[in-house]
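As structure tokens, here come the structures.
Paired with chain B in one complex and with chain C in the other, chain A is shared by the two complexes that follow.
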Partner chain A sequence: MRGTTSTRTRPKGGTAQTPVPRRKRGFLGRALDLPALHRQQRYNAIFFILPGLLVYLAFMVYPFLDTIYLSFTNWNGVADTKHWVGLANYARMFGDGTVLKAFWNNVIWVVIGTISPVIIGLLLALLLWSGVRGSLLFRTIYFLPFILPLVVVGIVWQWIYHPLFGVLNKALNAVGLKGLARGWLGDPHTALYAVLAAAIWATFGFVVVVLLAALQNVDMSLVEAAMIDGANWFQRARHIVIPQIAPVLTMVTTITLIGGFSVFDIVFVMTGGGPGHSSEVLATYTYKTAFQQNEAGYGSALSMLITALSFVSAVVFVRLRERQR
Partner chain B sequence: MAEVTLEDVTKVYGEEVVAVRDMNLDIPDGEFVVFVGPSGCGKSTALRMIAGLEDITQGKVFIGDNVVNDLPPRERDIAMVFQNYALYPHMNVRENMGFALKLRKMNKSEINRRVEEAARILSIERFLDRKPKALSGGQRQRVALGRAIVREPKAFLMDEPLSNLDAKLRVQMRTEISKLHNRIGTTTIYVTHDQTEAMTMADRIVVLKDGIVQQIADPQHMYEYPDNIFVAGFIGSPAMNFIRARLERENGGHVVTFGRTRIPVSNEVAHTAKERHNKDIGEFANKEVILGIRPEHIEDASIAEGMEGMKFSDKENVMEVDPQVIESMGSEKYVYFEIPREHAAHLETLEEMVGEGGGDGDGQGASPEASGDMMVARVSAESHAHRGDKMRLAIDANKIHLFDPETEKAIL
Partner chain C sequence: MSKLMRGVSRKEFLKLGGAGLAGAALLGVAGCGGGAQGNKKVVRYFTGTSETTALERVAQEIQVDRFEKQYPKYDMQREAIPPDDVRTVIKTRLQSDNPPDVFSYDTGPGFGGVLADAGLLYPLEKAYKQKGWDIYEWAKQRATYNGKVYGVPDQVEEIVVYYNKDLFDKLGFNEPKTVDELRKIADEFKGRGKIPLAFGDKEQWEAGHLFSMGVSNVLGRKGMDDIFYGNGRWDTPEVTKTINLLFRDFVKGGYYPNGANAINYNDANTLFYSGKAAMLPTGTWLVSEIVQTVRDFEVGFFPFPSIDGSGISPPAGVGTGLFVAADAKDKEGAITFIDYLLQDDTARLVMEKFNTIPAHPVDTRGLKVPGLFKQVLTDLSQSSQDRDFGYNIDVLTPQNFNEVMYSGFQDVINGNRSAREQAHALQAAWAKAKKAGHVLTQG
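So, the complex of A and B:
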């Protein structure tokens, strides 16, 4: 009798009402441990995640971990045997002049290759947004290079830069600047910048389109308020519009920036890192080391360097941005 | 501070969408003018042309003695308050308020002085270092006002500044803006769709409809002598009742009749109306007219008979009605009743208003009743009006309005 009374007085669904002590849980823990999520739903979730997860594990996580392992060996890429060499590959990097050269080229690439398309893209996006006629046409034209594979861009620009038949030299001759004409990709002083120019041409359109999309969400009454407050075009852009699209601007910048340390295809197609190592970047050097010079161990270590640099630059940039906000 | 003048100002969008047509207006220095009308009437467009946010298709806008048609907003020296406040989200209150001054390269101590002075006037000193998103709607609106007053501009332009606030706060801010205007005295043009705001705040009201100015007058005049059916229906709350009636000649005078109700029009009243509207009501004898009666000019007949000084005593200007709904407001009662279909006005002008919902749901402006057969009387609280019990309502004959059904212009 007493038992029934106690059952009756207990509030219904008592377990749901008792406050669950908040434990610190990881993302996965939280996802799988939601109180509202029933056991069955949890299994369903795993079922749906599993295929993607397996692909990810097999083609991303395993190679990544394996590369870390290889970077501590002297494997030549084909042999059955490899020896553990500890940190030797990493130590070797510091003495390798080409690594330093490639690193600096990457820094140049990151700085110029990030800043230019973002600035060009931002200016063009702002101009188009301020009501230039034929905005759609321009948007399409600017975006076209971005949908070309970088390899195609590289080949096209190789022709533009061609010492004898290239449009660039012909144009320079035509306007009387013959002295400036040169073998752009063959000249160690210009090779890197010539490739960079082609890459910028291929990316700024992406920035334009993404920023234009962001600009559509700008609260026009803020712009009008600023006009009435006395701000000219430049001041409105700087004080009102850019702060409003800042998150998207950060995103595009980060995308271009992270790509900067891992750039490979366009350089490889246009100059292969040459002449000499004048346009060498870490990725092309890594490729050559690992697959042409059969030093897979050292190549793995180099690729770890690229990973670390990309990671650090992304983290630093996002943190900086967050602090600004 | 300066006067603002509009001369034949017209705004056409594209080829033929006329937003504002031939608007003429002279706003003396320091006046508080309210543009009011349903949405799409051109009131905001007119304001934005003055601000310089819209091009002027035709005509001239003067601020002070200068034609400002071709000046960008920043050279017009006006400040504007927006409906959504338009505070810069990434700046704190202090920076928001000082932004215009900073752009003018004013020195920091002067900016600070002005910002703090304005903050004190608006009692927002505590929030100076907060970002707008940490403020309530009312506080944000104060900041927006503050941003306008630190500029010490020639004129304030306000575009529905209170529409985003809840009803109670709106009433409070209404008073505050009026107080602010009394204190600073800057010429102010205020746009609203809420006739109550217009009535309570304006020195003069400009009623717009379909881009055309309907009437410009001070609130009391506009209430008492609306120029046409639209103004009559738009100004006043609850809205004026309209009835299809006939004007008949009787004993050398006139009488307005509908159903069994007969409202005499004294010769005296007819005479002043002729002077005011330039139209002799005699022209309408034996013709249909639109009779306009404000709810407050209808009283419970049993109470009216005891009152002195009101022309309720005549038994004729009484109608017997069947109350449908009775709303007790405490101080008075609203009696809603139907009139026979043949007398219902069913005016297009008024139906447009109804679509707008008048005053944002707080019972202001045109009510749905204005268009249908439903009428409303505002009777004394002592009235024993009861739903379902027939009652007699007396109409104050001195306060009726008559309109030409063709032109919709006032004739009485």
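So, the complex of A and C:
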């Protein structure tokens, strides 16, 4: 039987029903193909959505739009006047050597800081999943650094790297590698990588726990079938397990990838972008420019660059991943 | 089914919204009760924390308890945060609906000057006249922007080299008068396993102080004035030589701890306090901490010695100053508080407890202060006929210059930038600041 809400066949032996008028759908309803809502339901929806929406508009959308506006001005961060300078701030970026240096450092951070925790996390998750004894203990130990604020991680690692009192240099001295001992955070060749190592240490536990959760959903019959077919551990991981946890792997990678372009706190605490600008990343340079050098306009333009880079890299990565699948 | 689950009618929705708004309004009224608590007027003082917790307690006693005792009609609310953070938050605090009435902040054009330009400071010329504040004229100039006095400098500082007297005496060394003598002393200490100079540059401003000492000597007061107020330049052979001496030669000579760029100010101080380092280049603001911390040896200080026959002009000047917010709720209370701090008995108490030097004449007779601080007082009281004082550069220069100075010296220390390149970078930053009108003006 076919019928619509407006024209119904009369039931046998029954009385004729009043035709129910088709409810109008709003713009969003039409756009998203949502069912028409009763007025009461509409109020319900507004009631529940409005607080979150207001918070989002006030603390995300408005500041974002305002930052875009500020990026076209030469505002110093305190004065009432904001002079429109057009694209001058964006043009200035291309001639600013520190921006290029910071961008390059961000690229290093994104590559190493994304790949390392994901690979380490994946390997450890697979090991724990394969039934290692004390799996729960290891999982807890790996995850512990992640619950520490990055500022605390930075302070702890500062002490580890300390050129005079740090355990790293003391350990190197103790094993006869005195030549390698140095001021890790004060040496332009090692500062960025030393901070990266601390960040990786703080991140990989998260990857382990998330991937371990994803591994619980892996179809064991496929794994067993692969074993019967003679696939080794690496082949099973590569061809059976990883494809099944690919969506979660993509999510974890995307999170760390986006974080790579907006990294700030751990770099700021450990080196402040120094020595010189050797560990400067875009976010620390933006902070210094906007808040320490009173160039809020230029700082806003830099923050738009970070936003664009994070957005583009995340979209590109997700698209590539989807294409592979 | 509960009422909420069933749905919210338009009437109920409006009721709920109205109740929420009314609640928010009530909260707002309660939170913005103005500057009075009971019968007392609230004065909000925003400042940086003192060097040690003991000093922070003393600050609370003098700036809050004693003030309230003398002026019972005021309720002093003192808020102290780490000094470096004051620079970050002060702008937003002053632009908020509830700004501090009075606050402590750096006096240079890149600090107080920026706030004055933005109309965030209350001019104090009238208060100076009414209260008869007798701040040294040169110090007053540091808090004068566009011809108006906006601040009250509260501390005079000098940058010197502290030394372990016991170690010097043991090896028969006197205070060095020339850099060659300093090198001999440093080489000797190095040979004996001591760190000659406890210098760390992790926060970057420490190198600015070292540079201030060296360049003040080679250029003298006149040469420095020529740069700040005239057409003098930073990219001269004298300046380049000084940068090379302090940030290349001394690094290569092993006079600083290994990895100086990774050692922070407190760690460098600790090296000196623990006797691992023989000398410590820093400012007289540290006297109180040194007196409290160092128990095992006697500490003396000397100005940075002559460089290749130059004069000796130790950097001296104003540290922070007190400012009144343009939108202060109780300007009278803020001015009363500043006046209280400038009174002779309060200033003497501050000198005794903090070992800092006020920027106005104070009767120092009978002061109970440690020997090291007496030495500082004597040194600073020398007339300009005996000695020209130089400048602590970073409090007088705008932030774009300081950024180049700070990060650039780290690069020179690492060997990533030559002294000549750094001198040129300083000059370029200075020219940019001058063009933007962000530099000091005289008079």
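The definition used in the following text is that the second predicted complex is superposed on the first by the 290 of 325 C-alpha atoms of A that agree within 3 Å, B and C clash if a C-alpha of one lies under 4 Å from a C-alpha of the other, contacts with A are read in each partner's own complex, and residues count from 1 in each chain.
Quick note on the criterion: a residue touches a chain if its C-beta (ideal position, glycine included) is under 8 Å from a C-beta of that chain, and two chains touch if they have at least 3 such contacts.
Model, not experiment: these values are computed from the prediction.
On the superposed chain A, the two partners chain B and chain C both fit, without a clash. In the superposition on chain A, A:I240 makes contact with chain B only, while chain C stays out of contact range.
When the two complexes are laid over each other on chain A, the CA centres of chain B and chain C sit 150 degrees apart as seen from the CA centre of chain A, to the nearest 10. Once the two complexes are laid over each other on the shared chain, residue contacts for A:S278 go to chain C alone; chain B is not touched. Residue contacts after overlaying the shared chain place A:D229 against chain B, while chain C stays out of touching range. Look at A:F47: by the touch rule set out above, it reaches chain C but stays clear of chain B.
After overlaying the two complexes on the shared chain, residue contacts for A:W184 are found with chain C alone; chain B is out of touch. In the superposed model, A:N173 lies in contact with neither chain B nor chain C. When chain B and chain C are set side by side, the one touching more residues of chain A is C. For the overlaid pair of complexes, the smallest distance between C-alpha atoms of chain B and those of chain C rounds to 40 Å. In the three-chain superposition model, chain A touches chain B and chain C at no common residue.
Interface residues of chain A, counted against chain B in their complex, comprise 219, 221-222, 224-232, 235, 239-240, 243-244, 246.
Against chain A, in their complex, chain B makes its touches with residues 51-53, 72-74, 78-80, 82-84, 86-90, 99-100, 103-104, 147, 151. Across the interface of their complex, chain C is touched by residues 39-41, 43-44, 46-47, 76-80, 161-165, 182-188, 272-278, 288, 291-294 of chain A.
Within the complex formed with chain A, the residues of chain C that make contact are 7-10, 13, 16, 87-88, 91, 94-95, 110, 114-115, 117-120, 201-204, 257-263, 267, 271, 399-400, 403, 407-408, 410-411, 413-414, 416-417.
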